[in-house]
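Each structure below appears as structure tokens.
What follows is chain A paired twice: with chain B in the first complex and chain C in the second.
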Partner chain A sequence: MHSFLQRGNSILAYALSVLACLTFICFASTLFLNYVTDAKMNTVKVVVKNVPDYSASREKNDLGFLTFDLQTNLTDLFNWNVKQLFLYLTAEYITPSNELNQVVLWDKIILRGENAVLDFKNMNTKYYFWDDGNGLKANKNITLTLSYNIIPNAGLLPNIFASGSHSFKFPVEYTTTRM
Partner chain B sequence: MDVANLFDDVKRMNKRQFIYQVLSFGMIVSSALMIWKGLMVVTGSESPIVVVLSGSMEPAFHRGDLLFLTNYPEEPVRVGEIVVFKVEGRDIPIVHRVLKLHEKRNGTVKFLTKGDNNSVDDRGLYAPGQLWLTKDDVVGRARGFLPYVGMVTILMNEYPKFKYAVLACLGLYVLVHRE
Partner chain C sequence: MDFFNSIPTHMDFEGQARAEKLSRIIITLFGAVGLIWGYIIQQFSQTVYILGAGFVLAALLTIPPWPLYRRKPLSWQPAPKVTENPHKETAKKGKKK
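Let's look at the complex of A and B:
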């Protein structure tokens, strides 16, 4: 007869291998899906100030303020192997001192089952738009893009750009009034 | 299978068989080491698999989830990626998302990170006076995700006695058990 331990051991081993197999099927079934979708965005109000950045160097840096509109429908991205989407709105630009600057202005976590149809009007940014120096004033080409990081139940963690972007320019003068 | 039975096996072995058992035990240990070192070569990361130890990335990653990392020098760090980095004076690497990034013309990159579940960025976690992370701080970029599997490691680290018990049992079993 088999002992209690032997039975327990084989049940555990079998259960674990079934779980591993199912997890792999779940991963493989969504491996080649195309997760690109489109998003519409626009900036409403754009100003730039020149104030000391006490969170970093304490020197006077350019600080951009903007409000934005965002419209997208991410419902189709969800499937059985998408636990969560991490959405983020990035501003990308070039300054004389830096070849590439990327600043996340806003982000949002959408879990499966939550509303994934977004229509924001005149939203404030979630994070400060600090430049690393004074490169925002009169900057002619700031590109806003929406990306999302897909968090699966098990599998890869791709970062995907939504198609559709918006370019805007900052004013040539600093705003000195309080906002 | 009781303990007396276990040692019966050993008693019945001759010298050659016992050495064979010891060698096969050594084989298991060294092949585990080779797999780990081989993964380090393939992924370019000094620690290709990490266990999430804090809740700062919830709801994406919970304590005990497993992350697979790569760290290829030709793949640039970009905003929105999940990086694992080391901070001077902290033993445990941190898993957080890149929030801001500035890249100079000569290729030097500095970036700031934040945990999804934290309300502020990571400047308070960095070494005193450190404002940015650079490529040298990065252990790897999260590429794959597997839930729960790291729970075993967490259990072992929190209860060292449990770890030694498991290791002793496994070691004894391999040494004593006859193929």
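Let's look at the complex of A and C:
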């Protein structure tokens, strides 16, 4: 005998099962999409200083300062399974002490519906570009790359590297003046 | 509590079958339409809202015992007349135990 509450329960359970099924279809429909886009970046002003990083120690380390341009169009990345993008700009370089150094210089969250056509000119970095030694001065090959996390409604949390990068070199002399 | 118990919520057997079938059809239909519409405008939230509307509609149509679901009541046999002395009956039951 199906009572009042049993009927309500079965309808709710069935509706939730259908919702789970629809969510899975949404996930499956975006599983094999290619999210790689093109990004253009450039550095404008590049200087390096030798100052103590008091948060780590009293020793003097290299601190890079740079401003950059960034141009990219991420509008096509937004589909029905994308809630937001987390962009971040990484500097990658080699020093004698470390084979691989990666420093995140800047990041940005783009929510769905916000403007996703980026055209930044002469932007300051958001985070300090510290090296854990003296590897920045006269470093000839620092590569900037743009990456992004795609935050979905349901499914995987992919980490995508945009195609396009920019390599630059740091000056051979430390800057001592204030900026 | 007596007030709530006095509200009739009964459906007959065929009514229950119809109610369940109807609720499944409504929810499935709204889910399918919501999926297609959400895919067209690329908004999964719309899919969820349409499914929610289907759930509300199905709940309204199939949870309350509308007259539609009470058309074929079971024809019970009339209750047998109690002729024997009820006191004797209870005494026998007691002995059996």
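Everything that follows uses one rule, which is that the second predicted complex is superposed on the first by the 177 of 179 C-alpha atoms of A that agree within 3 Å, B and C clash if a C-alpha of one lies under 4 Å from a C-alpha of the other, contacts with A are read in each partner's own complex, and residues count from 1 in each chain.
Basically, contacts are C-beta pairs under 8 Å (C-beta built on N, C-alpha and C of every residue); 3 or more make two chains touch, one makes a residue touch a chain.
In this text the structure is predicted, and so the values were computed from the model without any measurement.
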{"item": "Which superposed partner A:100 touches (first chain B, second chain C, both, neither)", "value": "first"}
{"item": "Partner chain in contact with A:37 - chain B first, chain C second, else both or neither", "value": "neither"}
{"item": "Partner chain(s) touched by A:175 [first = chain B, second = chain C, both, neither]", "value": "neither"}
{"item": "Which superposed partner A:143 touches (first chain B, second chain C, both, neither)", "value": "neither"}
{"item": "Touching partner for A:56 - first (chain B), second (chain C), both, neither", "value": "first"}
{"item": "Touching partner for A:79 - first (chain B), second (chain C), both, neither", "value": "second"}
{"item": "Contacts of A:3 with chain B and chain C, given as first, second, both or neither", "value": "both"}
{"item": "Of chain B and chain C, the chain that contacts the larger number of chain A residues", "value": "B"}
{"item": "Partner chain(s) touched by A:153 [first = chain B, second = chain C, both, neither]", "value": "both"}
{"item": "Touching partner for A:109 - first (chain B), second (chain C), both, neither", "value": "first"}
{"item": "Where chain A meets both chain C and chain B, residue numbers", "value": "3, 23, 153"}
{"item": "Complex contacts: residues of chain B adjacent to chain A", "value": "1, 59-61, 78-82, 97, 99-105, 110, 116, 123, 131, 142-147"}
{"item": "Chain A to chain B touching residues, read off their complex", "value": "3, 5-6, 23, 55-57, 83-84, 86, 88, 90, 97-104, 107, 109, 111, 127, 130, 132, 147, 149, 151-157, 159"}
{"item": "Interface residues, chain C side, partner chain A - complex", "value": "9, 11, 16, 19-20, 23-24, 27-28, 31, 34-35, 38-39, 42-44, 47-48, 51-52, 54-55, 58-59, 62-63, 65"}
{"item": "List of chain A residues in touch with chain C within their complex", "value": "1-4, 7-8, 10-12, 14-15, 18-19, 21-23, 25-26, 29, 78-81, 153"}
